[in-house]
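Quick heads-up: structures coming right below.
In what comes next, chain A is part of two complexes: it sits with chain B in the first one and with chain C in the second one.
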Partner chain A sequence: MDPTEARLQKLRGRAMPRNHNARTISALATNPGCGRRALMDAAGADKQKLAAYTGYPAPFGQSQFAIVRGNAFEAQVKENGAAQLLSLLREQLRLDITEAHYSDLGDVGGNETSEVRHARTKRLLTTVDEKQGTMFDHPLLRLRVGGRHAYLEPDLIAFQLHGKCHVVEIKSFAVIDGQADPAKVAAAAIQSAVYVLALRDLLGEHKVHDETILVCPENFSSKPVATPVDVRRQLTVVKRQLSRIARIEDLLGCCPDDLTFDLEADENGIPRRPAREVEAAIRQVPANYAPECLSTCELCYLCRDEAHGTTAALGKPVREELGGIEYVRTVLDLARGAAPPPETEEVAAQLIRAAGIRAALL
Partner chain B sequence: MAEVTEGAETVEALERRIGQLRVAVREAVLAGDKARAKTLRAELKRAEQAWEDVLAEAEDAGITQSAQSPHSRQSAGNAGRTATPEQTGPLLPLREQVHEALSLLQVPAAPKLIATVHEAFFATTFPTTRVTSLRRDEERSFRAAPFARPYYICAALAADFLSPSRGLLAVSTWPMERRVIGSLSPRVDFLQAAIRIAEAIERIPAPVPAARRLLWRFAASIPGAAADASHIQPEAVRQAAEAELSVHKDADTRTRREAAARARHQLADTEQLFGTRSFRPAADQEA
Partner chain C sequence: MTLLTALARALAAETGRAQPIRTVRHVHLCDRPLVLIPLQLAGEACAPLAAMVGDDRDKPRMLTVYEPRDRTQRFDFAADLADVVLGYIDSYTTADPPSEGPYPDAPQLLVPNDGGVSFTRLLSRSTRFRRTEGEYAVRHTVPLLGRWLNFYSERCEAPASALLLSMTAVLADHWATGQSATEDASLASLLGWIDPPPGMTGAAAARAAEDPVRCPPAGPATDPSFDNEVLAVRIAAIRTARASGDGAALHRAQLAMEAALRTQLEPTWELMWRAVGLLRVLPPGGHVQDRWQADRRAFTGHVRWLREGGAPAPRRDGAVPAARKLAILERDAQRLAVQRAFDDPLVLAEYRLTGEAFAGVVVDAQPDRLDTSGKRAKLRPRITVATGDEVVAEPGVKLVSSTRPKQNAVVVAVTDDGPDTRVVLELEGGMGHSLVPPQGSVPAVGETVTYTTLRDDFQPVPTFPEIADTPWTHGGPPSAYVPKDEDATEEWS
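On to the complex of A and B.
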């Protein structure tokens, strides 16, 4: 095991690693400046559990019901040799009648490590021709995040004869009269873009279509409908953000050697370490809180608490308006006429003027 | 089937309750409240036991019910042979029900399809989870006394690794060519199944709605098979399926023949029926 891997394992402790998926990577990409999240995700730490144990339970998370419904819909479109999906793909991609292959890349003769599964995906997808494949189920892709490989499993990859691969994303939110919840479609598009990037890593830029296929139930029924989604814009965003994530090695270099988020439980299922100690460990890794964290990261309440009193906690635009001054308290002092350090003289003058206008209005 | 449904509802309520209790236990544990966690755990255990009991009861009730009801075994055995009340025996053991459904389909199938086919043509169904564990039981039985039974419910094998194909069941007496699955086989078997279902419906004088619904589910994914659910003709479905089948058949047969020869040559008896986990195709070794 390489030293970085050993340290990540120590960080995670005895818990089973949580794998990256397109959802976690797109969340990471919304706040690329956060070393805390990058490191915890690379280590596969269970952020949800850690947040709850330290007294900051996450305000969101997929409900059990939604997960069950999502799985049932996916199972339905994939049952009987993915018959329903094939009908949709025949229509969307104008597949020839001969293109009806279905390969389960999750079947690797019992050896199910990520490396073996990825190797099989790679072998089959790089040598594919019309005689071998149309639909590839359970593929395992790889993407470099912070200099480390993260493994990703898209719902399905469809290969078109004489054409390109398409990423297929199966979601259980409904499309009603051709319309779906825009926020959900946007999230799905970002996730699909992550898969397209990973697939391009494997096959090359030109082999993968930038139009992905979103499969959803139609009009309150369980009948599936396919919609093409152009993810060119999302690709640019995700690519740029991923390049801004710090290298995991560098992040590890800034942390004490014995740092760990271990939640090993005693015989009653209760973690042995006191919550305060775990929280202190989390706080040792620098974060970069922003209001967007509230909808994307399980640790948001902890980080918000920590960022209390900073201008960043009010959002990037506010912080920029205030000339990048770090604390709200400093801003208020300056507005009340405290002597500014030389680099903030200009902002201080504006703040005093603003305070004057506010006083005159009230 | 009244008792069974009633039982199933209680089971659902219990399942909800078990889910809620699990969440409560987790929360208590994370909050460090040992006493509460202990009480909740005990309650969870009781709920799980109750769940097992209700299920066992429903099973018994199902057996008595179908033994009494002439309808429940109507058209049993071969689809189309209308059963008379005297012919309706007690509910068959699960493996025999699975065998009935697979014998109608004549191709490897997933537990869900097996259960649906049995409901449509033999008027009883069963939870798919029980079908999944059936394969393990059959393997154990075969290992203990090989070939002691006239047939076993066994695995379909993935053509490349000869490993048990995920979730597909087959019958041990079928030729190996039918039990191996290449990349075109899922489509070929889907079309074959559609043909068998269409034929079975044509044999029954008055097919039940469940059977027609099943046929429509197949027809909807076959080009030219039917315009909509209300205008569905078994003969038209069969022809459309045959037409597409003729496109894939040769390529699929080649793959299956090759894989079957390999399986017969390389695998021991148990592995031929239940698959191996120890093979790598040559191409994957260097990967």
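On to the complex of A and C.
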């Protein structure tokens, strides 16, 4: 085992590693400056459990109604060798497919390692009959994140036709009169872009389409509708953000050797280490909190607590309007006439004027 | 985000209490608004689960869908909601629409957040095309409710309209909290900052409000743990009771589900009325009534349209109505910005910081000054304003004062005077026709004035072709929209 892998395993402790998925990668890509998230994800640490144990339970969860509905819709589209999906691709996207083979790569017996499964995905995807369309369900992909391979178990179908691959994503949010919730579409597009990148890593740059296919229920029914989504812009964004994530080795270099997020439990299922100790361990790795984390990262409340008193906690627009000054305290001191350092003279003058006007009017 | 609001957020973070960012209320608030809090089943596009609705704080009406996936029960919910909403609207239209002008007042809908607005729009979409006879018939009030909800959600897109308001949006527009906009989307958290319970800071109240057990979300999405731990059990009990044919058990199970949902709705109901109370204390801005009049006109127009048997709004606008709507929205957004600045010195202050306005004291005035350079003498008073604000306006630029919007002030000279700047202005208009200005029409020495480049001029909406003349570039004239069978029988599953 290479030393980095050993360090990461130590960080994770005895917990089962959690694999990356497109959701975690896109969350990481929205905040590439967060070393804490990058490191914990690379180690496969269970952030949700850690957050709950340290007293900062994640503010989001999934309703079983949403899960049931999502699974039912997906199962329906994939039923009978993805018959519904095939007719969608034929009729709505006018793809010239006479027949298509459906192959579920998620069906594996035994405890194969990610490397083995990935190798099989690669073998199957690169040796298909080009004349016939093939749909590969649950391929195991891999992507370089922070200089290391992260395995992805995406819930997607890689649809291969005439030697080119399309990413097909099945989502259960509705498209009503041709329009869907923009936030959900944006999230789906970013996730698809992550898959396109990973597939390109596997098959080569020109073997994967930058137009992905989004399958959603139409209007208020459960009838599927397919929409082509051009993800070229998202590809650029994800690539740029991934390149900004620090190298995992560098992040490890800044941490003490004995750092671990281990939650080993005693015979009653209660972690042996006190919560405060675990929290202190987490705080050893610097984070980069932004309010956007509140909807994407399980540790957000812990980091928000830490960011108390910073302008970043008030949101990027506020921080920018305040000239990028880091602390609320500094902002208010400047507004009350404290002598500014040379680089904030202009902001300070504006703040004094704003504070003066506010005071005069209220 | 403006510097003043950012500063107010910093102050709120320091003091632990929300800070006012407006001196007046910029939206109209009815004497008797209708509060509507919808809940929907997670994972579905628009599956109503429950609602609390009413115009009397002490008498909320609660509606529950015991089997949210059952089509018939959804339409029963829509019909029950229609009874309340249409009953409320009807109380404003007891007389026929006036032959000229709008009704004296209009009904106003308040929902907790933007999600509530979206729910209103989706519920309208899934009900307004339904038929009241034949196969898949629904109660006659269902499509009518859909058409009203469509009217309200469409008006909500107009920035100046107050017919349907999202409470978090209105509150966040009037107060700055010491948290981010993301967190402000929670009604309970926002109100925690603005109006914390005695002995608690706003910051602490907002944090406490993040506990979904203590403060359930304000909908339409429910708390996932509530779904998993409570609601799922209640729905399962109803299914079991129904399957067993035990009427008494079914009734008990239904009561239990209703009680569970009530715990999710009641806290928000209280928050909504508390918010109404907080807003009512603020004096309304000067232009609020003008904008409400436009709302009343729109409302009256819709009553007329319905009474004359007009068709429901199509699923999507055609090219001409869409272009016209967009032009009106843009014009209104601009006018709204100017009106808000004129109504509220704190809003105007934002323009002072960017150099688009300056405030100062009149230090010299020549109210009787005549311009005799032409054939006839013209009344052109001059005033000199001393201001500490930054002045970017150059000679020749036309300004107006928020208190005398009909009077133009042309910049004649701008000179530095120590820490102050002196601006000489030549006034024109708003002084009658004689050569002597009426009392008060020219700012007097010692008066505090604000001049700005903002103008509340009437901008006519550009003319668009008739629908029948839609150019080929935009698909040519569309065929008239007639609700089709498929609209009426569309699945709602």
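The definition used in the following text is that the second predicted complex is superposed on the first by the 334 of 362 C-alpha atoms of A that agree within 3 Å, B and C clash if a C-alpha of one lies under 4 Å from a C-alpha of the other, contacts with A are read in each partner's own complex, and residues count from 1 in each chain.
What we mean here is this: a residue touches a chain if its C-beta (ideal position, glycine included) is under 8 Å from a C-beta of that chain, and two chains touch if they have at least 3 such contacts.
The structure displayed is predicted, hence computed values, not measured ones.
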| item | value |
| --- | --- |
| A:Gln64 touches, of chain B and chain C: first, second, both or neither? | both |
| Contacts of A:Lys122 with chain B and chain C, given as first, second, both or neither | first |
| Which of chain B and chain C A:Ala355 touches, first, second, both or neither | second |
| Which of chain B and chain C A:Ala100 touches, first, second, both or neither | first |
| Chain B versus chain C as contact partner of A:Ala83, first or second or both or neither | first |
| Touched partner set for A:Gly324, first chain B, second chain C, both or neither | neither |
| Comparison of chain B and chain C by chain A residues contacted | C |
| First, second, both or neither for A:Lys49, with chain B first and chain C second | first |
| Contacts of A:Gly337 with chain B and chain C, given as first, second, both or neither | neither |
| Which of chain B and chain C A:Gly315 touches, first, second, both or neither | second |
| Touching both chain C and chain B, counted on chain A across the two superposed complexes | 64 |
| Chain C-touching residues of chain A, taken from the complex the two chains share | 59-70, 172-174, 176-178, 217, 219-223, 291-292, 294-295, 309, 311, 313-315, 317-318, 320-322, 328-329, 331-332, 335, 350-351, 353-355, 357-358, 361-362 |
| Complex contacts: residues of chain A adjacent to chain B | 49, 52-53, 64, 79-84, 86-87, 90, 97-98, 100-104, 106-111, 116, 119-120, 122-123, 131-133, 265, 268-270, 275 |
| Residues on chain C engaged by chain A in the complex (per definition of touch) | 1-11, 13-14, 20, 23, 41-46, 122, 125-126, 178-183, 210, 222, 224-225, 227-228, 231-232, 315-316, 345-346, 349, 352-353, 389, 490-493 |
| For the chain B and chain A complex, residues of the former touching the latter | 19, 25, 29-30, 32, 34, 37-38, 110, 112-113, 158, 161-163, 165-166, 183-187, 189-190, 193, 218, 220-221, 223, 244, 247-248, 251, 276-280, 283-284, 287 |
